[in-house]
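Handing you a structure now.
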Amino acid sequence: MAHQVGIVGASGYGGVELLRLVDAHPALDVAVVAAHSQAGERVDTLFPNLPGPRVFDAIDAAQLAGLDLVFLATPHGPALELGADLARRGTPVVDLSAAFRLPVDGFARWYGEEHPAPELAPHADGSHGGERAAYGFPEHTRDVVRGARLVANPGCYPTAALTGLVPLAPLFVPGTVVIDAKSGTSGAGRAASDTLHFSHVHGDLVAYGAPGHRHTGEIEHWLAVLGGRDLGPVSFTPHLVPMARGLLATSYAGLADGVTADDVQDALASAYADEPFVAVLPPGTFPHTKALAGSNGVQVSAVVDERTRRVVVTAAEDNLGKGAAGQALQNANLLLGLDETTGLTAIGVYP
Amino acid sequence: MAHQVGIVGASGYGGVELLRLVDAHPALDVAVVAAHSQAGERVDTLFPNLPGPRVFDAIDAAQLAGLDLVFLATPHGPALELGADLARRGTPVVDLSAAFRLPVDGFARWYGEEHPAPELAPHADGSHGGERAAYGFPEHTRDVVRGARLVANPGCYPTAALTGLVPLAPLFVPGTVVIDAKSGTSGAGRAASDTLHFSHVHGDLVAYGAPGHRHTGEIEHWLAVLGGRDLGPVSFTPHLVPMARGLLATSYAGLADGVTADDVQDALASAYADEPFVAVLPPGTFPHTKALAGSNGVQVSAVVDERTRRVVVTAAEDNLGKGAAGQALQNANLLLGLDETTGLTAIGVYP
Amino acid sequence: MAHQVGIVGASGYGGVELLRLVDAHPALDVAVVAAHSQAGERVDTLFPNLPGPRVFDAIDAAQLAGLDLVFLATPHGPALELGADLARRGTPVVDLSAAFRLPVDGFARWYGEEHPAPELAPHADGSHGGERAAYGFPEHTRDVVRGARLVANPGCYPTAALTGLVPLAPLFVPGTVVIDAKSGTSGAGRAASDTLHFSHVHGDLVAYGAPGHRHTGEIEHWLAVLGGRDLGPVSFTPHLVPMARGLLATSYAGLADGVTADDVQDALASAYADEPFVAVLPPGTFPHTKALAGSNGVQVSAVVDERTRRVVVTAAEDNLGKGAAGQALQNANLLLGLDETTGLTAIGVYP
Amino acid sequence: MAHQVGIVGASGYGGVELLRLVDAHPALDVAVVAAHSQAGERVDTLFPNLPGPRVFDAIDAAQLAGLDLVFLATPHGPALELGADLARRGTPVVDLSAAFRLPVDGFARWYGEEHPAPELAPHADGSHGGERAAYGFPEHTRDVVRGARLVANPGCYPTAALTGLVPLAPLFVPGTVVIDAKSGTSGAGRAASDTLHFSHVHGDLVAYGAPGHRHTGEIEHWLAVLGGRDLGPVSFTPHLVPMARGLLATSYAGLADGVTADDVQDALASAYADEPFVAVLPPGTFPHTKALAGSNGVQVSAVVDERTRRVVVTAAEDNLGKGAAGQALQNANLLLGLDETTGLTAIGVYP
């Protein structure tokens, strides 16, 4: 019998992509599709790919607590409250927001507030921790996720950047990491604004939020934990690209003496040899964001520049797929004891 | 055990979309992925959504004849030859080209040549016909397809236009049908050209091929056959729209005296009430092409303009989905006795 | 000495395009750049192509009345009031809204309210009329504009449609005109909305507002007046195309007996032989919207379909150029006695 | 009387943009519009923004030598030959290719061949040099250009990157410069290819050509010469962005001890205070590529990240404007003794 799941924040892009994925998932049933301001409104008014009479539900914590699993796709404010509530009641939660991604000190530093549920924030070393949130990056934290109740789904930028950087961290010169990232507009959320008006974005490219974008802290923290060493502060600059979906992280790092191009390729290839969602491309080829559209895949490649002794790592994903809803479903599969790839085998829609 | 199928012309957009769909189909195995000029080349050189070492095969008619079903996604020239060859050997074929869509006189008129295999061209009245090709438009020709060996998959424009017009044909004034259609660039094929260069298409909109686009003949013929009456010559103007996928047909027709908006809506609703791939929208809403991206769906709506006594019917599809590879797979499911929706349940990737 | 002009509604797309054009105009000075809700805000916050400290002014009717000419680029509500006020004070006005485009009965019918300044609405026959507004379509109403104080700038859709249809009206069968129009998103205005979010529009195409879009009434009225005969109600369906600028009107009409393709081409060619902003293309070529980007040009072509005895006329423009601000400046040049092309010679930015 | 100029390679994007600009230039006449393979073809077949009967001329060196100035917009191979020929005959030349941008050793290293006209290659120190080519970056080499006959127009990437980096070079830690650059598709040229097919580029983002893109050498060389010090090898990674025009260079560099954010802003502001084509934005705002579409402008901004002690400099341009044809015309104005801004005052077409 199918597991009954709820999606909260279903009127946002992460939420509705979860709805699209869970609707097609053979072992999950969507029992609740909740949204704050759109409660009572038809889903297809906003999302014509899901035609029919279904309406958004109101958010009811008691009702959600009775489900087999709840996805939170709200901003981190509501998620802090609802996530803590559900976690304390023992309901498995996958939270797509930033509410539980950082240890308490990191959270305070990057989000400017004390964590309201410090006993649920992850351990600083990423280890298993009873009720504490697991950072849900299955390729690197699968075991911690399996033992958790509350999973913090990584941010879209951190997922792409860390996929490329974590296996290579031992090869880097500390203090040299620069991440230049580019995202389609769905990463900026559904709220209408001048900045996201089609007329402004079409044919335009712009950087934003540098320095100090909050994903910087998430990348630094987990690169240190999962990469096994502190690489110092990281430069991170996001850009808004005129496409609806897709995210590319181009990362630069100095290579330690003696590290060769083969070392780099081997480190990536061996890290992901058995991973169904990560493709390591041959050196000299570069990942295309559109190759992953609508899928849960990531593609990574690395080239070594002997002149500068830097490696350039590019990693592409669908920011709503592996960068959000896809990975959330991958984590849910782990939490529920299902095969990790269930409902996630779609191939990117290209061209 | 899975059916062994071949895809010929797999390096074109229709072919590679078939490959994407059949790779994910639970009851079909891709045994041959053939392409003329790309034989020996890796598939992922052209299509990065399908990474891996797979290469395009050469086209070998004898090998293809041994398969359970062959998809032809070549231009109509090669399809005429290969389709006839395979049909004569008894191999089930779904042909995505225009080779077998029209009776011999229509073919001669619109394609400027005598049909080289007249005994395989469809009957002029669309009826069952032994070895003759069936026009593979399942919502309207399901039974003929089931009894056929050779299926002519409809063109992308005819699929959208006919979905909207066929159920309404009895309500029209003959001689009043105008179809203004718009397609994304993948409908124009993969061959690189000045016209299809990103720099030229981006931010641009242009009509082309009017009058006399060959899909005009296909629409006229099958509108008469499936709509049950001759509606006279049809005006058809296609446009190239700056998007990769998606097709919208906006059709206009005069309504016979006494026909009401309810009659129009009822005719569409009852025609498609049980059809899994066709959604009839409420009057006043309009289908979005992107709602169908990567799916086999069509969305249709109609509004009646009492001032002009015309109905405006809009129908949207993914030109590579229901407009090509999706419908081809739907036809293959019918030919092989599988459930018609197998492997075709993907929801459109939106936003 | 340069004429002092004001732009009201300068924070909208029509207004800011006027600002871009007038800033570069050799005989006009921008004295006032007024906007309702953005008053006090820097222009470059919204429009980074105009960097610098300039801020939007508040709207002050007395101040505007002292200028040599005022452009109104507000919605028609404020324009009705402000336009009437300025017209009564004798200040030349070019109004880009729909406030003064229709005679009083047409206005009441299509805008659902009595015209509050009926003595300023245009004569039903388009003739010279003292204080009455002139319909500012210089290629067809140049003399009326020259004698006017208040000019109603045509809508974006009417400009393109009428450019193609007016010279051909004598050749048509009444009751057969169908106009299928497509616009980039800037035509829908700057107000942020779900519908205009980049994530939704990218890769999408949709019809809207049919039947009953208000431009229908404007097209019907002026096609009758300028074409010299009543052609009956017109079907008009607009579509939203994924591009920021550009508008294409594809029009269909039945041809009267005996009318030939040469008659059609001659009618267009002779109508526009001396017009600097209208290019009539050879039959068989089709206008590209991007060819006009940033310019005041229109391109038109017509093909005759002998099978259906219909002509298909396609006309392309920049909806913010000839479809709005460009034509407004052309009208202003006429009002001020300047050469009509002053400040309007930019060539379309292509590719 | 207007100067007679020729454009060679006019069927490429750089060439046709020159044609668009020179057609509108008050002191230049286009006497020759030459193209190799398109000779005899109508210009408007490729470029519908320039309608009319004009055809591409054949390339005739003798004819060109008689003109007042020749623009070369061919690949660097033909430009080496033709540029040397014209330079020796004394005809002023602005070459948009890479033929004369690097001193002989740099040319040999990055272009893999001995320079065939070493006496015309620029001095390694960028100084005045008789017949030697001047690097035509007016904001930094204006005086050298004025004294030259042969001007090497900078590459599109170098123009953006150097605009941001040259004034800041004294503040950097050597060996820390990373340039992550992004360009629209027109930068990749007009030749049709799979890679540039609209269907592939739409909704896609990809890196290419790293490491070892030839613009790396040009940036390194001129950053050292114009910045006044050797900053060591530079990492440079270009990306292809789904837009037709526009280029953004995001550059990272470590700041020397004690350098403050004010120092950075002051260095940029004072370098460009009197430059008509360079806008230095306030810190915290970022340049939009579309703000420069169709113009000769560059916009630059810099933010300092105290955590990493790096500066992030973003510079935007139209790759066909300041990145190619616009700057070429700016150089031509200097060579011909005209005001540097003549014919270059167009404001970016936005939105």
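We just call them A, B, C and D in the order they show up, numbering each chain from 1.
By our rule, contacts are C-beta pairs under 8 Å (C-beta built on N, C-alpha and C of every residue); 3 or more make two chains touch, one makes a residue touch a chain.
Predicted model only: the values in this text are computed from it and were never measured.
Chemist: If you take the chains that touch chain C and keep only those that also touch chain D, what is left?
Modeler: Of all the chains present, those in contact with both chain C and chain D are A, B.
Chemist: Name whichever of B-C and A-B has more C-beta pairs touching across its two chains.
Modeler: Looking at contacts between chains, B-C has the larger number.
Chemist: Just curious, how far off is chain D from chain B if you go by their C-alpha centres, in Å?
Modeler: 46
Chemist: Approximately how many whole Å separate the CA-defined centres of chain B and chain C?
Modeler: The computed centroid separation for chain B versus chain C comes out at 39 Å.
Chemist: Which whole number of Å gives the spacing of the CA centres of chain A and chain B?
Modeler: Each chain reduced to its C-alpha mean, chain A and chain B end up 37 Å apart.
Chemist: Residues of chain A that contact two or more other chains, please.
Modeler: Touching at least two other chains: 13, 184, 186, 197, 199-200, 202-203, 242-245, 287-288, 290-291, 293, 351.
Chemist: Flag every residue of chain C that touches chain B in the complex, lowest number first.
Modeler: It is residues 175, 178, 180, 182, 184, 197, 199-200, 202-208, 210-212, 232-235, 237, 239, 241-246, 248, 250, 252, 286-291, 293, 303-305, 307-308, 310, 312, 314, 316, 351 of chain C that touch chain B.
Chemist: Provide the residue numbers of chain A that touch chain C in the complex, in ascending order.
Modeler: Its residues touching chain C are 13, 46, 184-186, 190, 192-194, 196-203, 242-245.
Chemist: Give every residue of chain C touching chain D within the complex, in rising order.
Modeler: 13, 20, 23-24, 47-51, 186, 202-203, 244-245, 279, 281, 287-288, 290-295, 299, 345-351
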